[in-house]
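The structure follows.
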């Protein structure tokens, strides 16, 4: 699974992009977030408030219960501020 | 008094601009229109339907009861269609 | 700023000049009116725009003043052409600049709506059946009317 | 048409290319977003726009498609820049062309409202107190929200 982080999520986690292989029971976006929070204080801090975390799977916005596959590109980022 | 005609009012009356000295009793825009209608068939035809005649005195829109002075610039024209 | 002219205008250059050095501007909304080659059922070869010199500038300045009273605008530009114009040619440019985009949008729409019902311009179309003065549209009156409800 | 680029753009040239030869267009509404030198109380030296390449283009194309479904548009253009931009610089251009001006205005406003809440861009401001990620604004969510009531 490919993970991308943007804006202050990227800055707090300290990673822009990584490949991970979460355990098979990590089947949804919500489960992935919980799992990521356990990977270290940077992750825990960046992802502590899910209200300001947006998730895209394969470049489309998804909700917390969206299912995940090993081939997915998952992006985590704060609410957008372009325009 | 200076009179100006625009668009199809000008075309029907056949005059773009003229100086007139209407009788002293022509004291309002409505009275002027009535007086102009009596000046010939072109005027009568062009001014017959007051709903499609707009009037500006000294370059400001006015209503039918607006008073007139000999020094006024009076313009008659159809509803505008610019933009 | 108001301009009534025969010549064409360069939108990019006009907007650049309008906003240059004004770094409090967050958004610029602009509207450009173009000559269409059809009007309802009629094919239009070209059109001639007649106007009332003097009154046109006064009315446009009044409309600009009214927009500035209603919205916090950093800059306003209205350019309206007259004379003979062919399909695809630019007729009018209305541009409004503000710190916030909603003010810019509302003011721009207000200006073009009011201009269409207040500015003394008249269009004479060239059609296959000969020249034809364009009728005022009820939809333009309605569009202008909504701004009087505030 | 969608473009995501680092370079500046020429509004006049872009609108000319957008409308050239399409003589059924009666009006073009455009919105240009500029970098301001203040945001609330903060003075801004410059900002850097980060985005999500690939998803940005997809989201903008989706937004364009939605606008074309809702309004009869002859042409649509969205250009959004990324990278470091200083106050006064252009960030985004949204332009819509239609036979009638109301469709052009509504679609243009819809596009910028949706872009601001859907397109994956993030602004990092340079302030006297150091760099600062811009927070999403509730007013932008509300602006986008009104288009879902239809």
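Each chain carries a letter (A, B, C and D) given by its place in the written order, and its residues are counted from 1.
Here is the rule we use: a contact is a pair of C-beta atoms (placed from the backbone, for glycine too) under 8 Å apart; a residue touches a chain by one contact, two chains touch by 3 or more.
Please read all numbers here as calculations on a predicted model, not as lab measurements.
Applying the stated touch criterion, the connected components after subunit D is left out read A | B, C. Between the CA-based centres of subunit A and subunit D the separation comes to 26 Å, rounded to the whole angstrom.
Rounded to a whole number, the gap between the C-alpha centres of subunit A and subunit B is 73 angstrom.
Measuring from the averaged C-alpha position of subunit B to that of subunit D gives a distance of 48 Å. Among the residues of subunit B, none is in touch with two or more other chains. Counting partner chains per residue, subunit C has residues 33, 112 touching two or more of them. Taken pair by pair, the chains that touch are A-D, B-C, C-D.
The touching residues of subunit D, when paired with subunit C in their complex, are 10-16, 19-38, 87-88, 99, 101-102, 104-105, 108-109, 112, 143.
Per the touch definition, subunit A reaches subunit D in the complex via residues 4, 6-8, 11, 56, 59-61, 75, 77-83.
Every residue of subunit D that touches subunit A in the complex is listed here, in rising order: 33, 49-52, 54-55, 58-59, 80, 91-92, 112, 115-124, 133-137, 140.
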